[in-house]
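Both complexes below contain chain A, partnered by chain B and then by chain C.
What follows is the complex of A and B.
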């Protein structure tokens, strides 16, 4: 009797999804693999987004794999088809256009969306984001008219973006809010070193204050802080980390905390469903705690671990070597990124 | 029962374009048929979910008519404190609202509309109370919280002499001492309590039963005693260091805050617990000057009782929520508190339906804090009780749910005191039920009952395009303005209130096709935006009132075209297109009626 062909479904066409798909194909040449993505664009290398602001290259250069790669590897790639619900009992997911797809084994790698801190929720339409290739193109269009950018909150992408904007001769005000600095080792001494390094790079840093209101000003945007400062700026860029994008799981019965709760084998609380990457909150035995994973290193590694467990192995997740960010000669540890320098 | 009544429409009603006649003769039928009650339960989900059975479509429609005083009264008849509930009700009605069903959008902001009725009722609007003659019976009520107030109101109306004994200095119970002023301003609470006291209720504050007055003394000098003493004993953590300085129970902390006492919280506050009290404590701590407040919960945000809206407000005030942790011990170190936690994993479900959290071995971690507030539930203080009635294993009093009476004749219990900590609306409903039971006990027969009022309407009262009005957001105080006890929610203005009122489907309207007049043209099916109009082979209605439609798509099998009111969104499109006017609209209301003997 021929072996039953297993349908592996992967929700998400990012680092995690692609690494998982590749791992599955290597180990099971007969597997039927579907990748479903909510995004209209290809799988891009996010660590290159900020540096891409510098030269006006074609966005296609950011694509990690050409389209033919998916065909050659027999991956069914479905772009721009968001999953809207999941029925774990029937092993089915429903897509936005009401198509229902059956799976045998499911990997949720839906990634994350930019976090909108609750106090700033009402100013959403005044804030600029920098997370996706679309954001990159939008910012590139406005670049010539920009003189001053205010960055609200900080994460690795923000630091990378700041580096590129500085090189383009833009002036920057950085409102550091310690709670939003997250994928880095962060305490009072690190914070002080970071402030000093940013000042050395010519950035205007506001540290003991947080953004309270954003209003449209005479020329651009006025950012009001808690202590009453008003910063007049051309663009208020919110970069305060990411939150898992798992809204479609709301009624599925899968356990979630901030992200989907998975055990050390990347398995969720429901049979035949795994989750990995930025959408997952992973239990690390060495920490005896859950950790929200972030960044490229983790996304790729976890995709591989999840895929191997889906193939029937029993692989336990471990913490990855941290990367480092260099600013004005100072090194800062980051958990999720390979690291970069904004000095060159 | 059938009667004809002549109504004179109010001035506003006359100008309302939907009411065309200047003088309307209405035919009203009152029914106590089981099937009508079952229809109400099945088709008006909001009213069925409300413990007090508030006529929600009824008051929302009067808000649309700008008859705010009337809307307030429709509420007050059954839930006694509309202004209070319009702010802090737990809203069991909203999750079941038909507008929130899949594909229909978001539920109607029922609670915010209750507040609209209260905010815009005319100054000095007329209150209607239908008083019974004096019965010469005396009833003592212990506790003046929502349950006690609800019972006092009804007992006073029914002609009994009511005396409330309140241990604290002012009436209101948890409403005054548990809920912070920024959620419930006291100038809203006070007049609503006053409306009850004015009915001839005697209020004795600062009287603690069991200390100043003995329980058996009270029983001897009154015809009935109702205990609505609430849950004023805080559950404890049972861990080391619990009694250290600056470790407070949430209940005591809120009582102190609400009494205006000065409490130390420091800069870093840890709150333990995931209920409304925990949220109130955290938000109050921020107002007392805390720089960082973390609410620690055993499971995750999905499994706590607090609503999404409340969580958003809590987070807007920069309070953090940390899930999957359990507190282990508290230690006093160099003036600060060192608190040890364990990380948790999610387990299965407890028989109560609560999610279980399992601490992970060896996952301890410590944190420093200036103060710790634990709000992990409350229970009734039954200390003054045991010489009169025996307590059960849980330390509560056994009560007959049919009569609200305990094993001791003439001694009744209601509200949180009998059920354990619940909600304001459940407590009011429980108090009112006990009042009717006490009345029956004293007068030997029932004097008030539930009844279904049916009235035919000549127009659908709604327009289809109202289904697309988005939910009106509640305006709130900007985060930086939240420094004192100023109310956070500012209330919908009249325009937004009316827009929100339009969103209500008015599920109490029953749409029925008269099969004797229907010509099977299917025009109604063509315009119906949902699939509620069905070709039926058979319609079965049981004696209990539940209905089942057997649908067919073969024309030779069709015996009737029927509207399934469970799926109907009352858009009125079918009524407008019907060429033979065979669709009846019947307003169906569940109301209370006094029984004349």
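What follows is the complex of A and C.
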């Protein structure tokens, strides 16, 4: 009897999705693998995004794999096709363009999206994001007209972005709220050193304050803080950390806390569905607790673990070796990245 | 590349396909898009393929090639595919270049559900193999989004929603898509709006409504889509030219009017009908008449009568109709009556494939009819030549008093191309050899002359009374049956061919590498454009290739062809028929073994096809 061809579907074309797809292909040459991505661009190294603001290099240079890699590996790559709902009973996902596709085994690796602080929800359309190649292209289009940029929050993306914008001669204001330097968990003295470093570079830093309103100003936009400050700026960037990108799971019945709850095998609460990467809240037996993970190392590793378990193994997740990163010339140990640096 | 990293449309151009079901408006969209590009100064070449049924469902595709430099051939590869119907457009995906663009309706009315039956899946991966081995492999969905290669760019636009919102119905999706294409590929909206107004302004729907649909598509792209693909039309530095955009059929009809044709009779048949449609509207304005007859036999009968009565007359048909006209070809040879027959070839035999192109009527054009019946057979190679050689057909028919058959084909008939119209010289509009007063004293309608051409009167001319029939005749026109007269008159009729070759039929045109070459290509008809582009590319790549173009297929200038054959190590004859009808025709004149490229794939040969054959033959 011929072996049944299994349709592995992966939602997400980032570190987790690509490592999972590669693992499946290596172990099951006949598998039918579909990668579904909401993004129109290919898998990129996000740590390089900000550096691409400095010159107008072809965006393809950001791509981790040439498109031929997907062809050679016989992956059905569905770019620019966001998933909008999941029906676990029927093993189907619905895409935004009214197409329903079937899976046998599903990996949710949809990553994270910028956190939108509650008070700013109604100003969403006035906020700029900088997380994807599309965000990069949009910002490039506006770059010449930009003189001043305000970072709403001060996460690592903001630090990255500020590094490039400063080199381009742009003025920057940081409004640091409780999420600053997300996802790093620095103590107060380190945070203060980083703030001092920003100020030394000429960045205007407003700390211990929260953005409350964003309004159209005479020339650009006015950002109003809780303490009554008004910052006149050309662009307000949403840089208050990230949250799992799992809106499409509404009504699916999958257990979710901050992210999708998965056990030590990366399996969700529903049969034939796994989740990994920044969209997942993972149970680590070593910690005897769930943990939201971030960073490339975790994303890639968890993608591999999830894929192996989808293939039938029982591989348990373990905490990864910590790595060293450098921010503003200072070294830090983290569990999310290594060889990563932010130079502001 | 421009400053943003976009690849500007080059001399070599890009190919766009707009694919839909009949009624989606794909062809109208293609026409407006082509016209707009042409107005902006781009060189364009476009061709429609559509089903034979007048109403109902079937795939319609507008193929458009546009570039900054002259284009002579369609391309097999497609850069941009616009899907107005996913099911049909999926079939076009294998033609897309690896980094091609697909635009589709991302908010269709119906939900496309993937076929859950695993047996329908051909295997993992999206596609594989070489051009003829493309196998589309997908997850079995009926939505085009699942069929793209990994390097392709997918743009979803809610065409139906935007059409509904702006016009109250979904039928204007094709207008919305024009706005999308204009914005996405850097084209100004003003030019499109002018052309939309010109084409659709008189139809029932308000032009403002139509323009609002266009603007909705344009705005959607500017507001919602981040352009990632490399295609961008260059607006600057385009030479303003006096080209006119027309199809082969329009060129034929226009040239007929400009050549002072005063009578047309025909019976509707794809793809020639448009000639009659144009002439029925235009010819009466120029003092002419059009008769739609009950069949093709009647049509050629009418034309024969009109010509006998002294006016320039023509008919146009396609293979099945041309078959019915056969008897009158011989009659007009015998009666020495000038008529012009345009045969817009389509795939046959019999009714065949009415909306598909082929070059398979050559044998019929060359040999149709009984007896030794000399005729001139022309085959223009592009739309410009459809104009020029229609004028020549009238001139040659009138001057040499014989049928002139002009072979176009479905591709040429429907192909939209920028053409430069050269005025027709007066002497070509008035080529009849009238009798002198001396000759009218004893009028010999079939007078034996050195050039074979006898003086011809028109009915009513004093002293010019004569009998015309299909019987062999002596110089007076009196029916005779003796061998001597038959021999003399047959020689006279063929002497006209010799005279035409000496005075009016141009020599075949050689181009490409000079001198002795490894490979020569002899082309005829619409295949020539593909050959020309392939040979130019080959020569630019340093390959030893030349071509010889023949427009007048019969009679043949044999000496220049022989010289060409002698200068080539091998010679290829590409044509859109199974037998190699033109190669066979050449073989009747030359003891030579030709390489043949015969296709009955019912689509035009592209320069890519010829390039591949060149490479194959040169590699030995």
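Following the convention adopted for this analysis, the second predicted complex is superposed on the first by the 319 of 344 C-alpha atoms of A that agree within 3 Å, B and C clash if a C-alpha of one lies under 4 Å from a C-alpha of the other, contacts with A are read in each partner's own complex, and residues count from 1 in each chain.
Note that in this section contacts are C-beta pairs under 8 Å (C-beta built on N, C-alpha and C of every residue); 3 or more make two chains touch, one makes a residue touch a chain.
Predicted model only: the values in this text are computed from it and were never measured.
With chain A as the common reference for superposition, the partners chain B and chain C occupy compatible, non-clashing space. In the superposition on chain A, A:75 contacts chain C only, with no contact to chain B. Shared-chain residue A:283: touches chain B; no touch with chain C. Of the two partner chains, neither chain B nor chain C is touched by A:231.
Look at A:325: by the touch rule set out above, it reaches neither chain B nor chain C.
Contacts of A:24 after superposition on the shared chain: neither chain B nor chain C is touched. When the two structures are aligned on the shared chain, A:83 is found in touch with neither chain B nor chain C.
Of the two partner chains placed by the overlay, only chain B lies in contact with A:255; chain C stays clear of it. Shared-chain residue A:214: touches no atom of chain B or chain C. Looking at the superposed arrangement, the partner reaching more residues of chain A, out of chain B and chain C, is C. Using CA centres, the angle subtended at chain A by chain B and chain C is 100 degrees, rounded to a multiple of 10. Chain B and chain C never share a C-alpha pair closer than 12 Å once the two structures are laid over each other.
Put simply, chain A uses no single residue to touch chain B in one complex and chain C in the other.
Those residues of chain C whose C-beta lies close enough to touch chain A in the complex are 3-5, 98-99, 104-108, 110-114, 116, 118, 121, 123-128, 137-139, 141, 143, 145-146, 148-151, 153-156, 226, 228. Residues of chain A touching chain B in their complex: 117-119, 121, 179, 212-213, 226, 255-258, 261, 269, 283, 288-290.
In the complex of the two chains, the chain B residues touching chain A come out as 300-302, 312, 315-318, 320, 323-324, 343, 345-346, 360-363, 365, 478-480.
Within the complex formed with chain C, the residues of chain A that make contact are 4-5, 7, 30-34, 40-42, 56, 58-59, 67-71, 74-81, 94-102, 134, 137-138.
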